[in-house]
Structures are given as structure tokens and as C-alpha cells.
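Letters A, B, C and D mark the chains in the order given here, with residues in each chain numbered from 1 onward.
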């Protein structure tokens, strides 16, 4: 009887292909992994399966038209894509924003941050625990709460994820009557639920053993790779654009920047959990202090060429749930843009993957990849 | 370690949050943006659209095509000879609704509208008018008038 | 911060033009080594802009300790190469690959200069101004 | 001759019952997990509780197209699911459902149970090897490593009740339990816990579902299987789990003993409660990593189970 042999390059090492369709690849991400037993020797990541040419599209569309397209970039936190673009255009065209609109922007951004971190939390545990196990339980608990946020968004803007809320000079939708109550009820409920999440996994030695001292990313390396957001803060750098360069009305709110020095999977996870708590704080302050007044300083958009830009170059960045989400615009004084560069955070966060995975085990791949929280609409643009 | 077991046990006796969809339906909010459109008619049953092409101008994905008529209708307004909206690339950004000066194009609050035929995704004028008759009660709160009023800075 | 810019100007012949420091591309390595020593060790992004007959490469660095951001620019002519920054900033790897992919600017001494977002057998560089967006992808199946 | 006919009849009846129970165990699990996760679980097939869901599942699996990859090792590939299913079902042969109802009353019943139960992973290993694919191969190797390390604590935890009862015959063990063995001071609880943990590991269930880890290895050794062959793995897994809960009931929970109700019913109730506890654990914990699993087994479970046996021996001698 002839016995077939699984082909490999050598006797010891095996090239395993993870992705683009893999349960833990968070989208379409392919890694070629050379394993020796369970230990990973080499990683070749492949991205670009979701490349849509958004930057090129930005050169063809006018800024007004480009806003809803940007929503689709980081589809888990659409507001944080519109936000820097609106800031940049407002800077170029000298538009000021009424205070009520700023508050609404912050509320939307922070709600989006919670919902995005809930997706992270759910999928991260799903990767760690499997679809047929405790992971899926936590996943569904996280999505149960996220659903409430999406319901609030749906009542507010009509859309659940791609809000198209922010426009130049303000926001497009005013809050509906009863928004305060909905939000406060949600926050009250959510505070208890966060405790439940923490109890669910943080006392569990299995979880701690799998996340502590795994995928260690030192501070210096993280900065060289341009990692930002929770990945950088998980490595012990207290850098948050909301504090470092307060845009919008963030300087009016009191909140902390959580950061952990270890740089492992656990600290990246913990930073996000604490960030959700900080977001609750910000939301509480914002909903109390929301002023009345107009939501837009410009007349509503009529034609696509309604914004005339000065000639110039602008870079504006906001702290999205995944890190520094920046927009670099070159305008030549026409109605369109000459060049748009989207500094999407996960592209840079993901580029450390070859560094982090070397020497890890196969089971760590999912934990490490999950802790970077990539969104492939954001990576590939 | 035991806490996790306790929490799952606690959840075992909580009420499930699932809405069993075809049996029970979720309440659809007033402002819902679902990518299905209608062209409205005024009280005399005449199409409100005046074929001003503003929606065609602003659409980010160029899915709207309007061909204005040469002559005017009985109300003395121009009207669209043809109106075509291709849903297959629609972003549901609600710009077309927002710019419409006559509240002619509106979104319909409908969940789970689907079709097996790709041709059905191209909404022509007849189909859009038919949608208006069919879903009269489901028209979104956000009409052009409403949106512009909401956004206009009060001076 | 001002002293640093003065020092840069005197040392490397850098010009300042509305928030951008414009340098000569031959000196790229010395400049970035110097900046890294000065604490600008957070490489925020690298990008490029295509003008009609030349490119501009834009580098953005952050110094997290003093919370400052710095933009540097250089001019690259068509068919010219620029030194890679991979030795100084490891993260430059993917950023430069992206620029190579979308603009076709080649980086000298880059360890792994392949396309990153587009398929390996793609022809053309989409973010160039002379790229036609209706160019078909030949190996499309 | 009479005994042979007897066991044949019992065998067929029990097989049918087991198949039905296994089918409905999937329903119980899905409903239970659903409620635990704030969901409803099966609903539409056999409204409003999804009573007919297992039937629909079986029908679907039978009617599905069977795909055999081109380069598999045909013989082993085809045998593997049968090995798993048959071995899992064979386990019921030595389980006494009540004092009288047993297919094969052997004096070394517990030992036979263990021997057959370790056959199951060989089925998994065959599947992984013969699939000629990388994920199944890694999965099979992991499965092998796991079973080698967990067989020993499982065996040692099972030996303790046997030592106390002084027999390897399941019926004798049950008879010897004046009080349920789990209530036996110290050694009872310790060996039950070890049994539970290593039973979960043997069964490849979360938190020890390393060979099947779907977020890492997609679906482990069943990647290349489809249709009825996949269903065999599935049924085998559930039958194995049920048999394990049955064994746990016999060894630790007093088997068929109980007031008012007939013995076999008590046995079924206890087994299903044990099964639900296993499910509860499964749906509450995250997965461990392979090296941590092996370390846990060799550095923690193994010494404790050895000590436990010594303790049990001492107790027996002192009595």
C-alpha cells in the first residue's frame, strides 16, 4: 500500500497557508507561515485583497461626495473616518463648526469607539475560545450590547454603521427627542455589562496564560513601525491624540488615557476595555453639557461643488478606535482634491505582524492578530 | 474561574434578546435609510420631480440618471422623461434626498427588501412611482425639506 | 523645536516652506538618523505625490515625548531612486512598498521591494496622474 | 446461547436508543448554549422549540454531496469515520443501564471501556493523516499528543473508585457504592474533578478542543470530510461524550441507584445532568494552548492523580 506524504519543503518544516479565508483572519488576510512543529519560523503576510483604490477615488470625487465613501474604509467606526477628513477640509476652507455640532461629533465618535471595541472584544474571544465554546458566548454577549448602540445610531441617523453623519461645518442629523434617555439607559446598563465581561475572562487562568507574555511588542519597535492607538498604549506609551492634540471639544472633558507597560496581548486587550470605560465617562459629560443651537454653520449642501478649497496641504488626524487616523490632503485650488492620503491606523499596526509572530506558536497567531484588531477595509483601502 | 460559570448560569435564566425575524419584526425607526426609493406625487397625482438633476449631480457613485422632458406637464412644471436609479451601487448616503428641492425623491423605510433578479435593482421611473403607491405609509421621516431644515443654521 | 529646525537648516541645507521641511534626497539617511537621535522615533507615515514630471515624497515624524510633529519633503524626478529608510525605521518597510506599488518609486537597499496592495502581476501604478482608471487588469479571471 | 441472544437484543435496542439520544443531545446542547448566550437556539424546524431540528440536520447531512479530495489516501480516509463511530458506540457495550440491562457483562468492563475509548483518537489520527492536507495533519499530531498525556490522569482517576470497590466490573462498582463515590471524603472529589477535566480533554471539548481548534486549524481533522462521513465524526463525538457521562455516573454518581423511579431512568437522568455540566463548562471557557495543556497534564494532574491513588490504597489497607 502506498502511503501519501504531505508535501513540505523539508522534513522538519511545513509551510502553512493561513487565509485569505480563515476563521481567524478577521477579513481577508493571508499569511504564509513556516512552522517547525508548532513553532513559527517565518511569516510572509499578504494584504490587499480588499483594495478598492479609495485614494484614487478621492481624486475624482469632490470632498462632499467623498465623505460617504470614506465611511466604508474602517467600517467598524465610520465616524472616525469622516472626522479627520472633515477637520482637514474645514481647515483648508476656513469653516468653523458650531459647538453643538462638535458635541454631537464627539458623542458619535465615542459611541463608535465603544461599539468598535466591543467588536474587538467579541472577535478576540471568539478567536481564543473557538466558535464552539466559551468564545462564542462572550462574542454574543459583546454583540448584544453593540446592538443597542447600533439601534441608537439607527434612530439618530437612519443608518446603523455607515452613518455619513459628519459634514463640513457640522453634522447632518440632529439628535431625536428622547436621545438623552436612550443613551443614559444604555450607559447605565453597559457599565454593569463591562464588569460582567471582565469577570468572565480575567479571573480565568486559561485566559491569562494565553495572553500574558505573549506577542511582546517593545515600545521602541512599536514607535518605529508607526503603531498607534491601543497597540502603542499597550506598549507603555501614553499617547492619545485626544489629549496630545485635542481636536474638536475634547479638551472640555475629563478622562484618562489607559496604558500598560508590558506590551503583550493582555495589555493591548486591557487598554481597550479601560478605554470603553473612559468613553462612558466622556459620553456622560458630553450628554450633560450639550448646548443648543444650530448643528451646521454652512447652508445645507446643494451641489457637489459647494465647497471651494484654498490651495495648500493639510494633515489632520484623530484618535480612532484603532489609532491615529489621519488624512493628508493636497489641494490645487479646484473643487476636487489633488491627492488624498489616508493614514489608516491598522495598516501600520498590522505591519508588525512578521516581528511579533516570529517564534510564537500557532495558537498564538490568532491571539496576536486579534489583539492588533485589524479591519481590512482599513488596511487595504 | 468559577465566576465565568456563574455568569453563564445567570445568563441562562435571562430573557433571550433575539428577535425571531420573520415571525416577529423589529420596530423600524422613523429615519431609517434603506436603499429603496420612491418618487412622490402631489395631491393631484402628478409627479413632483421637476427634473432639476441636482440628485444626479451630487450622487457619489453616479447611479442616478435623469432625462428631463422637453415640454411641461399639466401643472406647468418640467418633469423627468426618464429617471433611473441603480441600487446595485447605491451607498444610501441620503444626499439625493437632501438636495431635492421638491421632496420628490424619498427613501422608504423597509427592512429586508431583496430581489433575485439583478434587473430589479435598476429602479426606473415607473417602478419608483409604483413604490410610492405601494409604500405610502413607509416613507422616511427624512425628506429633503426636513433634512435641510434640520441643517440650516438659524440666523 | 525652533532650535532643532535651525540646526537642521544649518547642518543639512534644509529649507522651510509652510510647515514642510524640504531636503535633498541624497542626504536622507543622515537627516533621519539625526532626527531619530533627537527623539523623533515615531514614523507616522510616508507618502508621495505625483506632479506632472516629478514626485514629492512626504515623511511625517512624531516625537511623542515633547508632543511635536514634523513633516519633511523631498523631490524625486521620474525614474530616480531614493534611499530606503528600512535600516533606521523598521516600519518603513511596508510604507515604502506601498509607495512603490502605487507610484512606482523605487527604493534603494530595500530588503523586500514587492507590490503590497495590488497583485504581483499588475501593470501600472494607479496613483500616478497618467494612470487611466479604466485600465483593465490583464490576468483577471 | 441465551446470553448471546439477550445481548444481541439489548445491543440493537440500546444502539437505536443511543442514536436517538445522540441526535437529541445536539438539540439539547444547541438549546442550552443558545439560552446561555441570550439566544433562543433552534426555533423554526418544529416551531416553536425546534423539536425537529435534529431530524432536519440528519436529513441534510445525508442528502449533502459527498466530496472526496483527489489526493487523499482513499482506504484510510474512508475507514477513519467508521473507526470513530464504531468505537464510540462500542463503549455502550460495557455500560450497565440498570442492574440487569447490560450488553456484555464483563469482569473487566472499565478496562475495556478505557481501551476502546483510546481507539477513538486513532480514528482521528487516521483521518488527519489520510486527508493529505496540512491543517488536518497538525490537528492529528496535536490530538495524539493530547490523548497520550490525558489518558493517564483519566485512567488514574478511574482506578480510584475501582480500588475502593475492589472490582473492575461496572455492576460491582455500582453495587459497592453505599454512598455515591463523589461524596467519599477528599479522594472522591479529587478523582471526580480529574475525571471531568481529563474527560473533557479526551473528548476534545472546549477548553481542550485543541485538535479541532476552529480558529486556528479551521476544523482540525474533519477539514476534508463532508456529508455522511462528517456526520459520523459528529455522531461519534456525541456518543463518546454520552458514554463518558455514563461512565462518570457509574463510577461517581451511584449508577442506577435512586428512589421511586426505575433504575435505567435514574441512570439516564444522572448521565444527562453530567452531560449538561460538561456543556456548561464548554460554553463558559476559552481554549488553552497545546503546550500549556501538556504542562498542566504532566506537571499538575499526573502527580495529583498518583497521590490520589496512594491515598485510596492507604484507605483500603487501613480498613
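Assume contacts are C-beta pairs under 8 Å (C-beta built on N, C-alpha and C of every residue); 3 or more make two chains touch, one makes a residue touch a chain.
Nothing here was measured: the structure is a model prediction, and the numbers come from that model.
Peer 1: Using CA atom averages as chain centres, what separation in Å is found between chain A and chain B?
Peer 2: Using C-alpha averages as centres, the distance is 29 Å.
Peer 1: When the C-alpha atoms of chain A and chain D are each averaged to a single point, how far apart are the two points in Å?
Peer 2: 42
Peer 1: Report the inter-centroid distance (CA atoms only) between chain A and chain C in whole Å.
Peer 2: One centre to the other, that is 25 Å.
Peer 1: What is the distance, in whole Å, between the centres of chain B and chain D, each centre taken as the mean of its C-alpha atoms?
Peer 2: Going by mean C-alpha positions, chain B sits 54 Å from chain D.
Peer 1: For chain B, which residues are shared contacts with two or more other chains?
Peer 2: 4, 7-8, 11, 17
Peer 1: Please set out, as single numbers or ranges, the residues of chain D touching at least two other chains.
Peer 2: Residues 36-39, 283-285.
Peer 1: What pattern do the touching chains form: line, ring, star, complete or other?
Peer 2: Shape = other; not a path, cycle, star or full graph.
Peer 1: For this entry, which pairs of chains touch?
Peer 2: Contacting pairs: A-B, A-C, A-D, B-D.
Peer 1: Which of the residues in chain A come into contact with chain C in the complex?
Peer 2: 47-48, 51, 53, 55-56, 60, 220-221, 223-228, 237, 239, 244-245, 312-313, 315, 324, 326, 328, 330, 338-339, 341, 343, 347-348, 351-352, 355, 380-381
Peer 1: For the complex, which residues does chain C have touching chain A?
Peer 2: Checking each residue of chain C against chain A gives 18-20, 41-45, 47, 49-50, 58, 60, 64, 67, 69, 71, 89-91, 93-95, 98, 102, 115-119, 126-127, 131, 133.
Peer 1: Spell out the part of chain B that touches chain A in their complex, as residue ranges.
Peer 2: Touch list, chain B to chain A: 1, 3-4, 7-8, 11, 17, 29-33, 54, 57-60, 91-95, 98-99, 107, 140, 142, 147-148, 150-154.
Peer 1: Would you pull the chain A residues touching chain B in the complex into a rising list?
Peer 2: 61, 64-69, 71-72, 98, 134, 137, 141, 144, 147, 151, 154-159, 162, 164, 167, 170, 172-174, 176, 196, 199-201, 203-205, 293-304
Peer 1: For the complex, give me every residue of chain B touching chain D.
Peer 2: 4-5, 7-9, 11-12, 14-18, 20
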